[in-house]
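Look for subunit A in each of the two complexes below; its partner is subunit B in the first and subunit C in the second.
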Partner chain A sequence: MKLPAFLQGSSELTVSGPKIIASFDVFGITIHFTETIVLQWFVIAILLLTARFLTHKLTIHGVSKRQAIAEMLVDAIHNLVADTMGKRWMFMAPYIATIFSFSILGSLISLLGLRSVTSDFSVLATWSAITFVMITATKIRFTGVKGWLKGFLDPVPVMLPINILSEVATPVSMALRHFGNIAGGAVITALLYYGLTGLSHLIGLQFPIFTIGIPAVLSLYFDLFSGFMQAFIFCMLTMVFISNAAPDETDH
Partner chain B sequence: MLDFLSIDVGTILFTLINTLILFLGLKHFLFRPVNAVLELRQNTIDKALQDADSANAEAQSRKEEYEQRIAAAKEESAELLRNATRQAQRRADEIVATAKADAAAVMQQNAEELEREKRRAEKELRNEVSSLAVLVAEKVMDREINPDDHARLIDAFIDSVEDAE
Partner chain C sequence: MEMSEAIVLAGSAIGAGLAMIAGIGPGIGEGYAVGKACEAIARQPEASGAVTRTMFVGCAVAESTGIYGLIVALLLMFLKPFT
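Let's look at the complex of A and B:
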């Protein structure tokens, strides 16, 4: 008896990018509308509905559980930003919360069998580009355009190429670190399913019995832990780089 | 299908927009209401603390005021008591003085009365004596008496007169 294809497990190994749902041509440039964007909408919808639910009917006295959670979350982000960047950077808290929650949930949707938003390099490239713009904007804000440009000649003009390289390396390394961890986890999970299916077939089973349970243990690390860690690292690096771009707090 | 590691302009564009949407959404639905309620609560707490402070200060000032009032009342009562004591003392002194004066007047009166009485008695006695002398003289005239008796009678008379004086 032959099992339906769905129950036979993964019999081929494919590692691919996000599916293209639609393409438009705008001024000769092809704009792809991919799976990633739809999944982002899904994540955004979950996050905003949760936020809306948590902050429903806020009161000063007799705080409900929902409100307590909302206050705890906001407080945690505020404390994280205040501890890492300092009090004067509190306006960054909503942005850090955005990246943090987007990244975590974007990684964790892989637990639902969906493609992680964060396993698309374009997404991480966008976020690290935002961070890079913020770092540069902070430098210009505090030292002026001249001071920012002069910073590339520090400590000696010969260092110019190395300074440019290190400036560019910051966002690139941030994006690649995050992408590599999540995408690598996805690849390893795909390899594992393929391998375990093969092992099941090897001992004469059509149904891939080994793919039950065993991948879940590895998923704890590659999806849960790694997703959380990378979101945290990305936010920490963003905060540290931006606050380091400004002079010491004693000036203010 | 895009490559596994690919940079796609469309994805970047949409991701940028989506990130902005999530940023604004979280700001609007999570941070703004929670911050507002936190601030409101902080204000309420501050106000309550301020109220407590002012109430405390008021109670303190009232306490001081009452203490002052009690001290003043004590002082006043002591003053009243002193005045009353002084007045009573004065009154007592007056009464005693009046009584003494009265007693002295009475004594004076009594002494004068006594003197008058004495004089009257003397006068009466003198009259009595003179009448007695006359009587005695009559008796003597009537009867023969010896010279010794006569002399004795005269002596006795003189003595009695001297005594009466």
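Let's look at the complex of A and C:
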């Protein structure tokens, strides 16, 4: 009896970028409309609906379970921001919460068998570019354009290239860290499926019996733990870099 | 397969393996950091939250060199930039 191809497991190993749905030419630059963009719409829709669901009909007395959950989440983020950045940075809390929830959901979407949003480098590059702009804006806000430019010549003018390099290395390393963790996990999971399918075929089974259950243990680490951890670390580093860009609090 | 292509493929595979030697450093470093964090928590259990948070951020920073190695290995294995 021949099994349908769907049940035969992965008998060949392919690792590729996100599927390109359509391509446009804008002023000579090719812009790809990829799978990741569509999946991000899903993530945004889920987040919007969840936020809407948790926060409609807010009351002061007789708090519902739904509202209690919403308050818990907001409190957790506020405490995190207050502990890491200090009270004067509370206006950053919504941005941090957005990145955090987007990153977690973008990574966990792989549990549904979809391609996780965060295994596309462009997404992480965008987020770290936003962080980079924020770091630079904070520096300019507190020390002025002149002070910001002067910071590159600190402590001696010879250090200029090294300072520029370290400035650029911050967002690049942030993006690569998150991307490498999630994409590496996806590749290792793909390798495991391939290997287990091969093992099942080796002992003469058409149905890849070993791929049931065993990959779930790795998925626990690579999808759940890694997804949460990298989201947390990305937010943590964003907060630390931005609050470090400002001079220390002396008044208050 | 032509000889030159085979040599490039073999070189890519060996290079991917060599790139993953970069995993040694973060392994040692993170183990050391976690050990120190355990000591710190044992000494001051009330500071465990702050210690754990700092440790994770430190681990993440220490991990980035290993991740660079992983990315280079993945590029060599699957994108095959030299063929």
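Here, the second predicted complex is superposed on the first by the 250 of 252 C-alpha atoms of A that agree within 3 Å, B and C clash if a C-alpha of one lies under 4 Å from a C-alpha of the other, contacts with A are read in each partner's own complex, and residues count from 1 in each chain.
To be clear about the criterion, a contact is a pair of C-beta atoms (placed from the backbone, for glycine too) under 8 Å apart; a residue touches a chain by one contact, two chains touch by 3 or more.
In this text the structure is predicted, and so the values were computed from the model without any measurement.
Is A:A97 in contact with subunit B, with subunit C, with both, or with neither (first, second, both, neither)?
In the superposed model, A:A97 contacts subunit B only, not subunit C.
Have a look at where A:L237 lands relative to subunit B and subunit C in the superposition and call it first, second, both or neither.
second
First (subunit B), second (subunit C), both or neither: which does A:W148 touch?
neither
Comparing subunit C with subunit B, which touches more residues belonging to subunit A?
With both complexes superposed on chain A, more residues of subunit A are touched by B.
Can A:V15 be said to touch subunit B (first), subunit C (second), both, or neither?
In the superposition, A:V15 touches subunit B and subunit C alike.
Based on the superposed arrangement, let me know which partner A:S173 touches: subunit B (first), subunit C (second), both, or neither?
In the superposition, A:S173 touches subunit C alone.
For A:M229 in the superposed arrangement: first (subunit B), second (subunit C), both or neither?
The second partner, subunit C, only.
Have a look at where A:G184 lands relative to subunit B and subunit C in the superposition and call it first, second, both or neither.
second
Would you sort A:F207 into first (subunit B), second (subunit C), both or neither based on which partner it touches?
neither
What residues on subunit A does subunit C touch that subunit B touches too?
Comparing the two interfaces on subunit A, one with subunit B and one with subunit C, the shared residues are 15-16, 179, 183.
Looking at the complex, which residues from subunit A come into contact with subunit C?
15-16, 83-84, 173, 176-177, 179-181, 183-184, 187, 229-230, 232-233, 236-237, 240
Flag every residue of subunit B that touches subunit A in the complex, lowest number first.
It is residues 1-16, 18-19, 21-23, 25-27, 29-31, 33-38, 40-41, 44 of subunit B that touch subunit A.
Quick one: in the complex, what on subunit C touches subunit A?
Per the touch definition, subunit C meets subunit A at residues 50, 53, 56-57, 60-61, 63-64, 67-68, 70-71, 74, 77-78.
Provide the residue numbers of subunit A that touch subunit B in the complex, in ascending order.
Those residues of subunit A that touch subunit B are 15-20, 23-24, 29-34, 36-37, 40-41, 44, 47-48, 51-52, 54-55, 58-60, 67, 70-71, 73-74, 93-95, 97-99, 101-102, 120-123, 125-127, 129-130, 179, 183.
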